[in-house]
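By written order: A, B, C and D. Residues from 1 in each chain.
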Amino acid sequence: MSYFSEIFHGIKTLLTGMGVTGKYFLNSRKGAITQQYPDNRDTLKMFDRFRGEVIMPHDVNNEHTCTGCQKCEIACPNGSIEIIWDRGIDEHSGKKKKKIDKFVYHLSLCTMCGLCIDVCPTDAIKWGQNFENSVYDRTQLTRVLNKPGSKLRPGVED
Amino acid sequence: MMNNEALKELINSWFPELEFWEEGSEFLNIEVAPDQLFALMRRLKEDEQSSFDYLYCLSGVDWGETLGVIYHLESTNHRHSVVVRVQTKDRDQPTLDSVSSIWYTADFHEREVFDFFGITFSNHPNLKRLFLTEEWEGFPLRKDYVDEINMIIK
Amino acid sequence: MSSALSITGNIHDWLYGAMPEWAASLVEMVLIALVYLGIFAIAGLFLVLLERRIAAWFQQRLGPNRVGFQGLLQTMADALKLLSKELTGTNRADTFLYNLAPYFVIISSLMALSVFPFTQEFQAFDINIGLFFLIAVSSIGVIGILLGGWGSNNKYALIGAMRSGVQTISYELSVGLSLLTMVLLTGTLQLSQIVEVQKSGWLIVQGHIPAIIAFMIFMISGTAETNRAPFDMVEAESELGAGFHTEYSGMKFAYFFLAEFINMFIICAIATTVFFGAWLSPFGITESIPVLGVFWFMLKTMLLVFLMMWFRWTFPRLRIDQLLTLEWKYLLPMNLMNIVIMAVLVWLNLTIKF
Amino acid sequence: MEDTTVKSNFKSEEYFINMGPQHPATHGVLRLLLTIDGEIIKKVEPDLGYIHRSIEKMCERDSYQQIVHLTDRMDYLSANINNEAVCLCVEKALEMEIPERVKVIRTIIGELTRISSHCLWWGVMGMDVGALTTFFYGFRDRELLNDIFEETCGARLTMNYNVPGGLMFDIHPNFVSRVKEFITHFKTKIPEYDRLLTDNVIFHKRTKGVGVLSREDAISFGASGPVGRGSGYSCDVRKYHPYSALSQVDFNEAIRTEGDTFARYSVRIQEMWESLSIVEQLIDNIPEGDFRIPTKAVIKLPKGEYFQRVETARGELGVYIISTGTKSPYRLKFRSPGFSNLSLLNHIAVGGKIGDLVATMATLDLVIPDIDR
């Protein structure tokens, strides 16, 4: 008789399985778990801490807080950050001071480890929430983060 | 469970010429000569008191002048560990005994070491390159390996 | 309402009036073939879409919904894409067999379609050995699969093809025997006659317990016949990549794909015809409007198709030896027993008739 | 090879087949050279190295903070546990006192990572044996965890949340409530997993008695994690060498003695329950305190050798650092669980069919970057 009980047990487990999928089928109107991505761009908000790309915030006076200390450059495991710097006279103190010329960020090399932002003493760089980083030409992935004409916010010391 | 002292005494009673130390490590370290390696390993595994039946790590190391292998052993019965170290001075034709007949896992691990350090294991059933291609030149994890194109030295 | 059906009659009359008899019948055949080809190519495409949407709903997804309203044109677009794709092949493949295989598969499935009674007197080919013809023709498809697997010069394809051969030959037996059980009730192989018998109750009701068992066996072995999960050993994407059609691309691949879905339709249509009264409406509610028969036929078939899709999206796949164990140790003995029970039922007149 | 025992004209011949590097069942770029007789497997020979990045060599030039992020890329499904392993090893070498808060958070995140990894494995396991729907159900529940990780760590997969000395930042204010939500949600889902796949008769047929690994062989092959425990070999590092807050919690080690594919499967399902219970025990009692102890910008480990073992979702991960007192390790070896688990594939797959091999490989739960470090 175990022959038949085996068959019945087998059919029962199969029907239980079908019950699970069937329940989802009937509720399919309510709960699609996927997102219709390009359509929901407007409502799609990433989490605050999301690591999309490294950005350098500038305030209304076009000032950033990067002193050019190069700690991020040293901390970066992949060489994604290159700081081209120069020594210039600081307008406020009148002393000779290191200042950045270009903060070059290679997004194509970046592994989003966050060590540069972690190590930055003046919070000059932050995570940007932009995740749509695809471009047609990879040279576009090399970015200069400080805006043209921007300068160091007065009073920021490392 | 035997503590390091007891283990040291036990192993020393089998092979008196071994070198033991504990500094800079949490385990009991044993330095063994290449010709004694296989005998020691088999004894470590098969002896009731030690019964190191679990080889949980096998790492090749390049110490500059010497090439060697470090075996991390644990006993699943007694839960004590020991580290065995073997070195060979011959950098051109380094050869050690394979322990793959004692622990099956050594088969793959020794192939990995052969691949990256160029240490040949005698009596290994299938010693050929595991990760790299057969025609690869040099052994990348050796300290003197140079690859000017692909390696970025900071 | 009968005007819709009489169109075919009118065309028939007009053709025979305008031409000599042989030419008329030839033209008629070609016309019917073209119409079937057109309808079922489109229907196959929509079946693919249906499968994809249903799969999505089982899996809490949305499924294709971009091309056309709710994705209705998605598979059309896919077919167009496949048409425009390059037909690749392998080195040292048996080119003749390789190219022949997809046509074998698709033609055999289209041939089987010709005998279904979609509604009263709406049947292309009412042959007196209808069921026999169906079983015979639907198993030709496996030759195409074998040819494709052999001709591809690919070991995965070969394994897939060999599995297919083993599987189809075994399950052919169950399909045949379960239908034979029902033939005991009807006493005829002609599909229109089978429908006629069912006017006094669908066969699944007439034959009650053995008929239900036969239906279950038929659905299981039918799923196996069409090489669908849980019996998709032939494709078994996690084992063989794509199985026998690994090396096919473009339209040749599309033929295989389409044939799979048409075969699924055929199996369900056979089940509808033999077990669920074909175009007969439940309790004869629309008996006066014969054109609605098409609706009932399609509805029943689609419900069974849905059942097969439900199987596919729920169950894991069997292994090849278990597949054969299931057939030879479970389905076949049960089938033989079932035939005996059915014969006794018919002999003692224990069937339910209204 | 001619079979001399059969007196007929049949000639049976073994043939090679390449499974991979691109194959749906190898979950990555693993290449298996199969020797097959008909459908029966005679020999499986893995060919590795398709995505070898030589992480060990890279570590020899990186600072200890930088090494952590490389471990994300090894076993990416248990990235957090890998990070933790390196951090623990460095902290052990520096003899740092880690705050309780960090320990508890690390444990919670580690166990959540384990659940997320097992969710993915469950989906893929189902897919490998042919039930495609499981894949989406597994991913559905994993997505919730990924959201939790993303909110707190900033990334979904390669999190790099641990740093030597603690955590990169504190947990997000929503973390606790979200995790609790997940626990209640997931407790209704595991029984569903069981109904859909575990109890299924076809699944039983496919997995029971397939790919049997005995306890002795498991130990000898260095099997760890669910693979070892499926063979009745109690090898949970969390029990024997507890790290972080694992010594404070009460959990059972999931062990099955059959050693077949189904045993390994059951162990993982059981482990999901255990991990849930660990998280449940800890989530309400995250102690207050620092989330990070400041370290020097350049960490130099004292001269010596350090070994740290942790239990990732796949088994025992060992981090072996030989330091000569410089800013980078002299030699760093990762003892990855997948590597040892893969080495026993030939042993247990021989004699089975191709379908068995696929099912067996699914329960070994190989992550190829972990093997090809």
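What to note about this one:
The rule is short, and it goes like this: a residue touches a chain if its C-beta (ideal position, glycine included) is under 8 Å from a C-beta of that chain, and two chains touch if they have at least 3 such contacts.
Remember, predicted model here, so these are calculated numbers, not experimental data.
For the interfaces A-C and B-D, the C-beta contact count is higher for B-D.
For this pair, subunit A with subunit C, the centres built from the Cα atoms lie 52 Å apart. Subunit C has its Cα centroid 63 Å from the Cα centroid of subunit B. Once the centre of each chain is set as its mean CA position, subunit A and subunit B turn out to be 42 Å apart.
Look at where the CA atoms of subunit B average out and do the same for subunit D: the two points lie 25 Å apart.
Listed for subunit D are residues 62, 133, 136, 140, 196-197, 200, 202, each touching two or more other chains. Touching two or more other chains at once are residues 58-61, 313-315 of subunit C. In subunit B, the residues that touch at least two other chains are 154. Inter-chain contacts, as defined above, occur between A-C, A-D, B-D, C-D. Touching subunit D in their complex are the following residues of subunit A: 9-10, 13-14, 16-17, 19-21, 33, 46-51, 71, 75, 77, 111-115, 118-119, 127.
The part of subunit C that touches subunit A in the complex is made up of residues 54, 56-62, 310-311, 313-315, 330.
Here subunit C touches subunit D in the complex through residues 55, 58-61, 155-156, 159, 229-230, 232, 236-241, 312-322, going by the rule given at the top. On subunit D, the positions that touch subunit A within their shared complex are 62-63, 65-66, 68-70, 72-73, 133, 136, 140, 143, 147, 150-155, 158, 160, 163, 168-169, 172, 192, 195-197, 199-202, 297.
Considering their complex, residues 7, 14, 17-18, 20-22, 24-25, 28, 31-34, 36 of subunit A touch subunit C.
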